[in-house]
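Take a look at the following structure, please.
Letters are used for the chains, namely A, B and C, taken in the order the chains are written, and counting of residues starts over at 1 for each.
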Amino acid sequence: MAYTIQQIATALGAQALGAADLEVDSVAEPAEAGPRHLALAMTPDYAETLGQGRALAAVIWPGADWQALGLRAAIVAPRPRYVMSGLTALLDPGQGWDTGRHPSAVIDPDAELGEGVSVGPLAVIGKGAKIGKDSIIGPQTYVGNDAEIGAGAYLREGVRIGARVVIGARFIAQPGAVIGGDGFSFVTPELSTVETARATLGDPGTGGAQSWARIHSLGGVTIGDDVEIGANSTIDRGTIRNTTIGNGTKIDNLVMIGHNVSIGNDCLLCGHVGIAGSTRIGNNVVLAGKTGVSDNVFIGDNVITGGGTIVLANIPAGQVMLGYPAMKMETTMEVFKGLRRLRRLFDDVSHLKKTVSKPPHNT
Amino acid sequence: MAYTIQQIATALGAQALGAADLEVDSVAEPAEAGPRHLALAMTPDYAETLGQGRALAAVIWPGADWQALGLRAAIVAPRPRYVMSGLTALLDPGQGWDTGRHPSAVIDPDAELGEGVSVGPLAVIGKGAKIGKDSIIGPQTYVGNDAEIGAGAYLREGVRIGARVVIGARFIAQPGAVIGGDGFSFVTPELSTVETARATLGDPGTGGAQSWARIHSLGGVTIGDDVEIGANSTIDRGTIRNTTIGNGTKIDNLVMIGHNVSIGNDCLLCGHVGIAGSTRIGNNVVLAGKTGVSDNVFIGDNVITGGGTIVLANIPAGQVMLGYPAMKMETTMEVFKGLRRLRRLFDDVSHLKKTVSKPPHNT
Amino acid sequence: MAYTIQQIATALGAQALGAADLEVDSVAEPAEAGPRHLALAMTPDYAETLGQGRALAAVIWPGADWQALGLRAAIVAPRPRYVMSGLTALLDPGQGWDTGRHPSAVIDPDAELGEGVSVGPLAVIGKGAKIGKDSIIGPQTYVGNDAEIGAGAYLREGVRIGARVVIGARFIAQPGAVIGGDGFSFVTPELSTVETARATLGDPGTGGAQSWARIHSLGGVTIGDDVEIGANSTIDRGTIRNTTIGNGTKIDNLVMIGHNVSIGNDCLLCGHVGIAGSTRIGNNVVLAGKTGVSDNVFIGDNVITGGGTIVLANIPAGQVMLGYPAMKMETTMEVFKGLRRLRRLFDDVSHLKKTVSKPPHNT
């Protein structure tokens, strides 16, 4: 689909320079751009590679001389990454699925589908499920009994949503995401070695071998508006109360959210993040890839973790954390430096011991 | 579905107090409970919140004065978490699926389904598969050729079980679980850099770039009775012998069990646990979230690990482990404390060096 | 299916000894082998267990006396692990799926399927998809619009391939693998706390709470020849350019490859490996289980990491790395040793401080 430079600039709330009626079909990196591409040259670093490609139009950095760059038209981007959001939304061709309800989908007659809802081939929608208007329910997806999904949802292929899950508007789920699996909760008849080891910080006690009895999940999952869940991620149901995810929170691939967990608004959880049962996470929290959080802890608003952080205790609001165990990022950076010099420290101490043990009058 | 307090107490083997014929439909946390809820107030902490809700009946802690708490009926729970098991099993509404075989399911005529087996929409059951009586095979599941599943299985939506996998009775699998993928096993024509680096603990040698040849998995997967597998977890087939999982073992979401691994009875493997190929794990082992275990190691009975533990070597029976690398929990707790004071240690040593290097008669 | 020892030796390019016309059906470990098994006794360790089984034929180590081992026929394996590749390929019974196109599959009339392509039950193949000859497209798989898959592909049950993904020849994907989910890329209108914390290494600044705007993925995924992807692994599309994976690279289960990532040829990525956005990885790189790699870093050719390694910065070619943070394996091994003696080091320094602070003339 073609857009003029003016149309794109208007959609972005940005300024068009030069031949504003020039048409482009899509975007490209400057070096690979052809005459129907809008090149993305949002920092001065791209000045050179623009010349390697054949772009006639580009998104450029504030202050760039578009004519000197050999362009016929340009759009000025004051905050480049943010411009990317509007630009890619405009140009996204999506998956190209047909609208309407595919005849192979198995839709229960008691499901309620809003106006303009599309259902892909071989999807299953259960009894009493409610799906808001203009939602796209992809191929081979599953929406369980009495689940509720708000308007404008977009479920990619193979997404699975269990019974009684409640989701707000504009929900996006990537392929294979699972919402509403049963929580992982088991109990032994007598006190288990795990309970004892946790209480004593290491002593498992003498409780013998026991089998695990299942605690069923009676709660559901409640998800706010504007939430996105990544490919093959899993969000478990609560035991009694619901597992909850606030508005605007975005979750990456292969993330695991345990039962009873509560996550606030506008959080970002990156790939392989795992949150164990009953943990509470505030608003605007950002957890980098592979961050793990213990069960039953609390993470305050605006907390940020670095990659691989293992959180074993509460974190107050506003902290930036890194490491295993999670410590303030500056502390962990010091520790990382220290580890690299640890051998020398042992050598120094060994040397000191020898020096000091010698009677001073012998030196 | 309604139950009297007496019915619930009887099912739990517990004691009913007060109006034992009072009816409830489900459970709730004390503060949110209504008159048709059984409030869960299993510790004295809930005494206050009970007053905030409108529960007429509750599960209470031993010694609680149910009348003073404003209740009309009560059930006494000597070990609260264990009572939860029976209680939630009784009240679990499940996914609400229809019984019988959905006409859209593709069931091979040579598959053998026991009495009372239900098969959901768009499931596929292969040639020679055997499914025990009263099993529930959910929507969009796959059961491969000659796979055998015992009686009373419950496969949630989208579970996939490969050819020739053998599973015991009362198996539960959460959405998207995969049993019987091929093992990850590759070999180079000449000794690879990995083999050399492992043998020398760090020197990759001079073996040049080589391509990987695939070792196919001829073995299967054998799973005992009463096993549960979490959402989107994966269990690979063995190379020659089978990958095996013992009776009563419970596995959480996004867990990876490699080829040839053998896991004992009554183990608990939490979210994101990964077990590399040919590792053997004993009975009653509990691995906390994100625990990783190297290939070809041995973990003894009753071992417990804390969150994020990376196991690079054998662990004898009964140890409680934590950290990267895995060490006894008490050792790792000491190390964690030491790391926080590491900078001070460097400062102390630096100071000592200065002090000691000064000739004593100068002080 | 039966093979003679001669047939197997010929297929492996190995030497047959003794009764080369003896027939076997499959392989087994020596202790469990019956008379129709080819026992795998590739190292002298197996000399004893061969006697416990009833094998008449075995693959043996160079120099073994097959007659003294009680065998009637033998095959000599100079590099045992490599022989396993050819042997298991020959004997792999596969999933036993029927050939042809199952009538329940939903294949768009505008999809192009090469000669000899099989499509399993309830698969979906989109508009404009191209699938190379002799490919096996398993049950309940999804191939999106305009996706291209080379000849000889083998997609296990439930694999999902998004629109416009391009894949080379002989591709293998395990159950539930997802190729072509949207990248995880979000941006705030003003500078976010994460951007500030990264720039300052720990100070999140005073940027208040903001919501995340989505950056859509316009790029695709390009995968070379002879690539294998594990069960429930996910590979995201690029933002502008494509995410790329080179020839001969093998990826295990539950691995996450972020948007814009580029991976070279003949790499091995083990279970739970995670690669964050825009990171570049060279050729012949081997990342052990649970290795995590930050976004926007570079890993050179022939790099090897040990289990659980967290890579936060570039790694030059040829390094063998271990730990969190990733350091040279020998350095990390030293650190691991140091951590175990850390308490003693604190004690030593504490003692030294006391000794040194005492005036020397008092000793």
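Rule of thumb we're sticking to: contacts are C-beta pairs under 8 Å (C-beta built on N, C-alpha and C of every residue); 3 or more make two chains touch, one makes a residue touch a chain.
Model, not experiment: these values are computed from the prediction.
For the touching copies chain B and chain C, the fraction of interface residue numbers used by both falls below half; the interface is of the different-residue type. Overlaying the C-alpha trace of chain A on that of chain C calls for a turn of 120°, given as a multiple of 5.
Centre-to-centre separation between chain B and chain C, using Cα means, comes to 23 Å.
Each of the following residues of chain A touches two or more other chains: 122, 140, 158, 176, 232, 254, 272, 290, 324, 345, 349, 352, 356, 360.
Residues of chain A touching chain C in their complex: 26-29, 32, 40, 79, 81-82, 84-86, 88-89, 91-97, 102, 104, 120-122, 139-140, 156-158, 172, 174-176, 226, 228, 230-232, 248, 250, 252-254, 266, 268, 270-272, 283-284, 286, 289-290, 301-302, 304, 306-308, 318, 320, 323-324, 328-330, 333, 336, 339-340, 342-343, 345-346, 349, 352-353, 356, 359-360.
Of all residues in chain C, only 106, 122, 124, 126-127, 140, 142, 144-146, 158, 160, 162-163, 176, 178, 180-182, 184-190, 193-194, 197, 201-204, 209-218, 232-234, 236, 239-241, 254, 256, 258, 272, 274, 276, 290, 292, 294, 310, 312, 324-325, 327, 331, 334-335, 338, 341, 345, 348-349, 352, 355-356, 360, 363 touch chain A in the complex they form.
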